[in-house]
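Both complexes shown next keep subunit A, but they swap its partner, so subunit B is in the first and subunit C is in the second.
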Partner chain A sequence: MRKINKFPELWFLVGGLILLVGVFLADHLLNRYLVHILILMGIYSITTVSLNLTNGYTGLFSLGHAAFMAIGAYTSTLLAFPIALREAYELPLLPSFLGGPEYSWPFFPALVAGGLLASIAALLIGAPVLRLRGHYLSVASLGFMVIVTTFAKTLRGITRGSMGINAIPSYTNIYWTYLWLFISVYVVWRIVNSRFGRAMLAIREDETAAQALGIYPMKYKLLSFAVGAFFAGVAGGLYAHFTKAIRPFEFSFFLTFQIVTMLIIGGMGTTSGPIVGAASLIALRYALKPVEEGLQIYGLIELIYATLLIVIMLWKPEGIMGKRHSRMS
Partner chain B sequence: MTYFILEVEDLWKSFGGLTAVSGYQLKLPPDSVYGLIGPNGAGKTTIFNLISGIIKPTRGKIIFKGKDITFWRPDQVVALGLTRTFQNLRLFSSLTVEMNLKIASHLHARCNFWSSLFSFPSFFREEREIKKRVDYILEVFDLVPYREEVSSNLPYGLQRKLDIARALMTKPQLVLLDEPSAGMNTQEAEDLAELIRRIKEEFQLTLIIVEHRMSLVMGLAEVVQVIDYGSVIAMGSPEEVQNDPQVIEAYLGTGDVVA
Partner chain C sequence: MFSLGYLLQQTMNGVVLGCIYALLALGMTVVYGILRLINFAHGALITLGAFFTYFILVRLGIPLVATIFLVLGFGGLMGLVLDIVAYRKLRGGPEVALLITSLGFYTFIENFMKMVVSPQPYAFKAPSYLTTIFRTSFLTFRTIDLFIIGASIAIMWCFHLFIKKTKMGIAMRAIAENLEVASIMGIEINRVISVAFVLGSALAAFTGFMWGAKYGQISYDMGFLTGVKAFVAVVVGGVGSVPGAMVGGVILGLAEILSTAFLPTYFSEYRDGIVFAILILVLLVRPSGIMGVKEEVRV
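What follows is the complex of A and B.
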């Protein structure tokens, strides 16, 4: 054990290589349906891992995560959309500072740009909203999500409004997805194990005490919010180039609810919890799909998600991967 | 002119209509131990909150190490070397003892975001230094066996100790101890007094102690200020203060019995 604890960086590298081999094998051995499910698990895992940084480690219970995904999805789509199809789909050509009308961005930088824009939005919205605590923050972040989806609906010249954007090239594959999942897990893990993450934990536990020990809470709240938003933005971009169509209403309360449910069921503030939560709920969804269709009870899956959430909250509030602290006092 | 590490001039604080602190004064020489006593609700904790920057005064001035810190944020005040403990123990309760201490090393960690992210050698060097300091503090406070224990699982007396230990991780020169012996039995309180004496020497601290337990204040403090209704009603050595008629009145009421 000691040895492993001493060089966790090395183990991360080994883990990355094993992941690469796993992804390669999955890509070549599994059928397309299973690969499709794996990609979806990966994308949702990125969102839960990033949400875990703000909600789990920093204790800021934000419900605006879908908004950051929307920003990333729209940004990367608009940047990387093929030039030839732009006119047919009534999408604007790029202005000169983004490369001009003759240019469309490669996938990777487009994803990064989507993430960065989501981060900037997080900083702008975070400065006022993160002053709030507890429920107030949750409700205010929900308001932010409404603002973003409203923009997506009304800025017709850019987003095509509520019709959404179709025929998005399917750039997302299992390699991109799991590369980004690996990056997000690595970044969150590094942050949590440095003084930055310790400051975030301190804020979660007791903001006043944290400040009395020399931590300026706003700085670390913004950092966690912006990093979380970055990966949510990237996940949004991956999602857009996976489903090949995005509409404003997709990035609404329902999506946030799903992500939050996955995080809570997996275990907030744990390393593996978010991935376990995302993967198991997606697996459950696809396992139940035939049942739902066979019984013709549509909405059964959502019903089971919600029930599962209540059950977990009642009997294992720390989530599947969470450790329970036995309190003596 | 004598140097004072902390000077408080004419400090006032009112919450709505209630005046909690009214014209509090203090000139604190370095390397001293001052005690702050007074009946419940006299404004002692409010004075601590004002000095440490958690709340802002209505009027008055606080000067620490020659700098006017009256309207500084708490984290800025700590960075200058003034820290405090809390009466109602604000430990990071779901984290381990070690983590509580590590968090408090924050001020002296200089590693930037990117070198932490890519684990540059400077990151490891700094983490090793932090661990060394944690080891040392754990040793001084006899908390070594509890390193991995979740802090809320510790017995109450040890939680109090951890609170002081955590404050010392910030390398302060002046520490405000808010009722350090609250909830302890007599034996624990005696051990605590001994510990406070020891850390004062070891870390060359100046201390202000708010305390209800007379024996502790009288044994530790060189000068005692008695607070009532937010201002100083008496000040002097423990013996002087104990025999001051005004003090006795504040604590016990006047001799006139109203039947």
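What follows is the complex of A and C.
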């Protein structure tokens, strides 16, 4: 058994090195616009990979990914914002248990803290909802998104309300992004190819049968939801330190919808699908942007995303990378 | 400030909003009962219905009675189209495929509307006979409030009779109970499901008209939160239960209005959040809802 397990890890090591070289070359050879697009592809890939764990492998259909991104974005921004600028941008200084007013966090721990807070939120929301069968989670997580954006708008003392936070230092670069993408792909892959992952797949295929085999579904559902939320939170933090400004309305239903579309088009429950989906849809968006602006028809990109989603669902529901597998009913 | 008149007034506002939620929840609960589909496209039908009535009632000045029938027909037609184009093809596959497709249709329709009617909200100037104000010592209301409450009660009563007494209604309940057995008994599943979609969509389009006439403003994205809240009403009332949907809708409407009316004004911004807090509370305490029966587990 051990021998079989060793090989894929080796491949991850090789893949990681190739990725590092690729990122290094991209950083030095490509122009800033293309690097910008690559970073965005990376961030969306992280969110899609993490959504895949929940929606693809465990079969829970969460629509709250934008909320976890918002939590991660706001948390990491507030922790890592430079002390000198805090007063000018009306942001609070850190309380003593977070390091006190004289301290602002380094980027990496701030990202992790954002991810952890997102996971805690996922546990809180998941505990009542995941006990149930059916797609209650979709509506509850959507509701959670509304609650989170409402708080982001109303807690003006902390988040500056609908004005949002500007002048966030741009810590996110292509190395951070692809490091986190690598981590998220590895963690999701490691979970899926373990005892946990097999239990998750069993729950997805048939929860009652899984229970009959001694799997306690709640534990695995919560785990996958919380891990998914963690990486969504991290991606939110990366996003905030990439766009340098966050506002509550950005973390809306449409953000979730984009991530879901990327996942479906790439292929739910596959390793490469989420990345393929995220990269191709971001590429499509940047290809269509001049068209949308030239013709002044706003909403065109969303319309095309929705059309793609419907077309894929009707004719190739397993996605680009997915294989059609026969299901027993 | 919190006088009896204020309480009555806010209760009435809550009931009016609740009626709108209840009508939406009716259509959703029937579809959910049969297909286990949370039909996000239901919300888009509200938007479509609202703009449809805006163009024929406000712009063209078609009489109210004709408008009502036209908007019902329009909504029903859209429901039929969605069912035939998409949902029928997905039946028998994984349940989540339906959910995702309905999400796609919602976004499609929303952005289509955004392109066609502009992203700006429209002022919905209802004809004067709908906005005549009546003042009594306790209550102030307009004709549209009476119309919404009256029409809702009438529709709910008809719907109740339809589900209980007619052959089609009995077939719907049979399919909701067990699709395979119903099919073996010779019920034409596809036809019954189409009828459920047509009825639900017609009601959703009709509530779009009510929403516009009552609140005076319509926009391309108005249907989203309203549709999701209607599903919350379904869960609160008890999934698959027709009386539950009505009760859930009214409770949700009352909770939304009364919480904004009686909590300090600071909380009014949390209005949408409160609805979903109720959802999570209900799922914690009584997951089967007020009138629902505990769902049996089928393998």
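By definition in this document, the second predicted complex is superposed on the first by the 319 of 329 C-alpha atoms of A that agree within 3 Å, B and C clash if a C-alpha of one lies under 4 Å from a C-alpha of the other, contacts with A are read in each partner's own complex, and residues count from 1 in each chain.
Assume a contact is a pair of C-beta atoms (placed from the backbone, for glycine too) under 8 Å apart; a residue touches a chain by one contact, two chains touch by 3 or more.
On a predicted model such as this, the values are computed, not experimentally measured, just so you know.
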item	value
Touching partner for A:9 - first (subunit B), second (subunit C), both, neither	first
Partner touching more residues of subunit A, whether subunit B or subunit C	C
Touching partner for A:199 - first (subunit B), second (subunit C), both, neither	first
Partner chain(s) touched by A:31 [first = subunit B, second = subunit C, both, neither]	neither
First, second, both or neither for A:150, with subunit B first and subunit C second	second
Which superposed partner A:209 touches (first subunit B, second subunit C, both, neither)	both
Partner chain in contact with A:138 - subunit B first, subunit C second, else both or neither	second
Partner chain(s) touched by A:190 [first = subunit B, second = subunit C, both, neither]	first
Common ground on subunit A, meaning residues reached by subunit C in one complex and by subunit B in the other	206, 208-209, 327, 329
Touching residues (chain side subunit B, partner subunit A) in the complex	52, 54, 73-75, 78-79, 83-84, 86, 90-95, 99, 102-107, 109, 111, 113, 116-119, 123, 150, 152-153, 156, 166-167, 169-170
In the complex, subunit A residues that touch subunit C	59, 61, 63, 125, 128-129, 131-136, 138-140, 142-144, 146-147, 150-151, 153-154, 206, 208-209, 253-254, 257, 260-261, 264, 297-300, 302-303, 305-307, 309-310, 313-314, 317, 327, 329
Complex contacts: residues of subunit A adjacent to subunit B	9, 187, 190-191, 194-196, 198-199, 201-202, 205-206, 208-216, 223, 325-329
Residue ranges of subunit C in contact with subunit A within the complex	36, 38, 86, 89-90, 92-97, 99-101, 103-105, 107-108, 110-112, 114-115, 119, 224-225, 228, 231-232, 235, 239, 269-270, 272-273, 275-277, 279-280, 283-284, 287, 295, 297-299
